[in-house]
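Shared chain: chain A. Partners: chain B in the first complex, chain C in the second.
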Partner chain A sequence: MKLDSQNIEKKSPLSEEDTVVIARPSRLRAALIALVAIVARECLRFLQQRGRFVAALVRPLVWLLVFAAGFRAALGLSIIPPYQTYITYETYIVPGLCGMILLFNGMQSSLSLVYDREMGSMRLLLTCPLPRWWLLSCKLLASTAISILQVYVFLAFAALIGVHPPWQGYFLIFPALVVAGLMLGALGLALSSFIKQLENFAGVMNFVIFPMFFLSSALYPLWRMAESSPLLRDICAANPFTYAVELIRFAFYQQWNGTALGLTLLFTAIFMGLAIWGYDPGRALIRRKG
Partner chain B sequence: MTGLDVSNVSYAYGARQALDDVSFTVERGAFCALLGPNGAGKSTLYALLTRLFSTTSGQIEIAGQDLSKAPLAALARIGVVFQQSTLDLDLTVGQNLRYFAALQGLAGRSSNTAIDAVLDRLDIADRRSAKVRDLNGGHRRRTEIARALLHAPEVLLLDEPTVGLDAASRKALTDHIHHLCIESGLTVLWATHLTDEVAPDDRLVILHQGRILRDGIAQEIAGKDLTETFLDLTGAVE
Partner chain C sequence: MKTTLAALLATCAALPALAAGEIWVTNEKDDTVSVIDVETLEVVRTLPTGERPRGITFSKDFSKLYICASDSDTVQVMDPETGDILYDLPSGEDPEQFVLHPDDRHLYIANEDDAITTVVDTETRQVVAQIDVGIEPEGMAVNDAGTVAITTSETTNMAHWIDTETQELFANTLVDSRPRHAEFTKDDSELWVSAEIGGTISVFETDGQTEIAKIEFEIDGMHPDRVQPVGFEFTDDQKTAFVALGPSNHIAVVNADTYEVEDYILVGRRVWHMAFSPDKSLLFTTNGVSGDVTVIDVANREAIKSIKVGRFPWGAAMRPTTSG
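Let's turn to the complex of A and B:
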């Protein structure tokens, strides 16, 4: 994107009596105005969809209250980094549930993109005089902002029922949530460019969300997985979601995990590259019969 | 300088040829109707004109800007009305327009001025605070057109904009766009499959099975009756 400043005073060709003069901003300013508008619109839409907000909150809370309570007795956890003492199972799965919120929201955003594409508003977005990669990045930032908002609301509820990490962790997870949210949002964006119809989205649920969540370190540590099946452990270790969860887990306890950060950033770049490729006009994925 | 220049554009979906060597130009300030039955290739052409697809062969110029070489400059000069709605039903007309203005880089006073002007022009200033869900079909289409005109484009592309409207609303909308074209020098490409939306003095391009069958002034092409001629040309008469 060129960032040169160009202020063109342009007279509307539409007006004779009521002359309208529109001052066009520089490309950089136009790009920022679009970013703010896209993020604000996504937030507004999210707040209007109360059902979505409640579902986003109830899902991890049910896991925390019901699933974790049942598993606490069955599953013993040894002391593994970043933990320095024995922890309850509820404490173990909180970072995984934060990841779950990011994962579901990333996919939900991709669902809304497929819907937008069928409805026409995605066409409109892509015909804006801004680089396509920028428009997609705006969408990605918007969905990540909403995801993070949901994570913090969930953490507040978790704290109310007594599950909370050290208080510094709440600040330190923010950058981790941004990186993990961007990775999962970029995955959703990439998937949305390859899904031709809204109906195909059920497939994403079955073949992306569930395997990604269950075959990761969100619910069980990898050494536990290895005890039952080394192959499953290897699959979990190859799952990008595992690294997003571990990044959040280590950040909670103020510990650095370079591998998780590096791999999460790498997968973000790969998924975003795929999304930009998928939405390339030359690939004509927004096609329909003429 | 022409408003719109399409030269030797072809496009295929795999083995199916959707557009085959399509060429035509629209002078600045002209209203051009692109008439074709369903499946003629109109929507494909619009997808190419708006760069949703990129041209694989041929060239498109919008108000003098080559769409392949300077896509952002070309896109900044067009306003588009798609067949599908692009409006958020739960937001008001004003909120919708503010979002679209921002996508065009307009904010603050510029945005408000532009919104006031287009709402006035489309005679829907009194609907600014109404939710789009509460508008009738005709007013929703007008809002779409207002949205497309917000950034003062030089070329307006409308893809079957009257779909779903009753006869009176269709006529009002067609007349309105003709009027805009005459009074302001806006170049308009209006895709339709309905012959009654074409005025005798309009430029007319007839597209069928991806090829241009006729290109000229509507009344010269029409002969006695445009509907009959159109049906004859496209082989729709049993």
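Let's turn to the complex of A and C:
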């Protein structure tokens, strides 16, 4: 090995043009390498953080086993689309809890971005000679993949305690989970671009995660909200998370919900646009000058 | 080989025809009968009846439909093809439930307000006997041999055993509070009686009229007062009974050999009676308060759909059809 390096040193230096040809892969290949590297890094990080995995699983399971059991009789029954018959409350909240996993994980990923920025690894990533939007999309795909993995593990536990949708639903929710995961991940990305310090993340918890989760159709159907307050129902109907949950709910029962899909995609585009704008180095330069 | 194949093909071809059928449901508050198609699971007809229709049953060849029009104090006979009321039968006052004797001719009718059981000959359209029973009779059953009829009385809390030869009572057995429904097992060896307020089903040996088992129900998170067994049906193999539990909004699945409850299925509000589809693969339950009928996949013990019918659906009866 030592000899080899000596040999290399002895060789005449390559021309600048030759060096470029050897070192730089094609743009597409570079983009894919970046995607694989970022997804692999996120997966590795997730696997090493066993506590995070357990916490991600325990949270929805506690809701399912404790909260849903307690409210089973209190919340009453009603047939609403996509359900064809009466369902237990546990069955109702499963899609909402899948959404909860995506929401918390999307925010968790944004938290890790803030951490990366504080540690400097974010700067290293963003200096990579690839378009900024692509790097952010890779981050987004990575966090969505991890979220979906968690959702399926949660669904396996739910099935063990007897809460399960029709078996076809497990396949059909996959695209719905991807779309919903991208939307909530993009929201996390957008938020992380505006959060300067890790300490500020508590505000995200209080002002984004909790209101988004509680003011949605995840825990109660919108007609139930309307019974207590029409304003509350309208707020829930304006919440993007509601549409992510409904998209998953309808997919579980093999039904199409064009409104939910369209709005989830629209919000994904908006949040992603905000994230790209937030991470725009030109904007940061302007701010610094100002 | 060819014969076997032909028989197999004939059987396969016959399967859809066997499965085709209708479920007829009486709507107590609407004075109508809703007809549900078993294949499409949709209401295909709604037909007017007398006041407060409750008990409902078909003649053996399904050419006549008998309906207890309680507040009209009559049993109506309907042509199921046209939906026309053909004639009324004398039934005594306030007929609530009835059962057709295996001879396909005699109806045993519980007259709730008069504390009697009326026996009507459907051919001569004459009352052939009136038997004094306990207060507020409701549940009616006749064994397969046609030798014993049962009337349960809601307030006396008894099952009254009637000899169909003499049309006289030969035994009375105590059951729990407010008995609602009675059924013999197919081999006539057992009689099951549900008690709404008692929350139980009493199982009697028919030979000695002795109680051999009592089935109790318990649903997690549900107050015991709301668990009220009413109508029930046995599967063809007699291994399983499906029991409607009234305001608990559940159907219990009972192992008929061990008398143990194996499962509970969520259905609509105040589930009352039920009927199987022709091939017994589906069970249709009438849910009074929610005004719908829940369809249960019998093999998977799972509710698959609830179908809106009229107000306060009460009784249900199956009619096979050849179309389909």
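In this section, the second predicted complex is superposed on the first by the 261 of 290 C-alpha atoms of A that agree within 3 Å, B and C clash if a C-alpha of one lies under 4 Å from a C-alpha of the other, contacts with A are read in each partner's own complex, and residues count from 1 in each chain.
As a convention for this text, contacts are C-beta pairs under 8 Å (C-beta built on N, C-alpha and C of every residue); 3 or more make two chains touch, one makes a residue touch a chain.
Since we're looking at a predicted model, the values are computed, not measured.
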Thinking of the overlay built on chain A, is A:T85 touched by chain B (first), by chain C (second), by both, or by neither?
second
Pick one for A:G258: touches chain B only (first), chain C only (second), both, or neither.
neither
Between chain B and chain C, whom does A:A69 touch in the aligned arrangement: first, second, both, or neither?
second
Quick one: is A:R41 in contact with chain B, with chain C, with both, or with neither? Answer first, second, both or neither.
first
For A:G162, select first, second, both or neither according to whether it touches chain B, chain C, the two together, or no partner.
neither
Quick one: name whichever of chain B and chain C touches more residues of chain A.
B
Chain A positions touched by chain B in one structure and by chain C in the second:
none
Using the touch definition up top, name the residues of chain A that touch chain C in the complex.
69, 72-73, 77, 79, 84-88
Given the complex with chain A, which residues does chain B contribute to the contact?
13, 18-19, 39-45, 47, 50-54, 56, 72-73, 75-76, 78, 80, 82-88, 90-91, 98-100, 102-107, 110, 113-114, 117, 120-121, 149, 151-154, 180, 183-186
Tell me, which parts of chain A touch chain B in their complex?
10-16, 18, 20-25, 29-31, 33-34, 36-38, 41, 44-45, 48, 118-121, 123-131, 280-282, 284, 286-290
Under the stated contact criterion, what part of chain C meets chain A in this complex?
221-222, 249, 266-269, 292, 294-295, 303-306
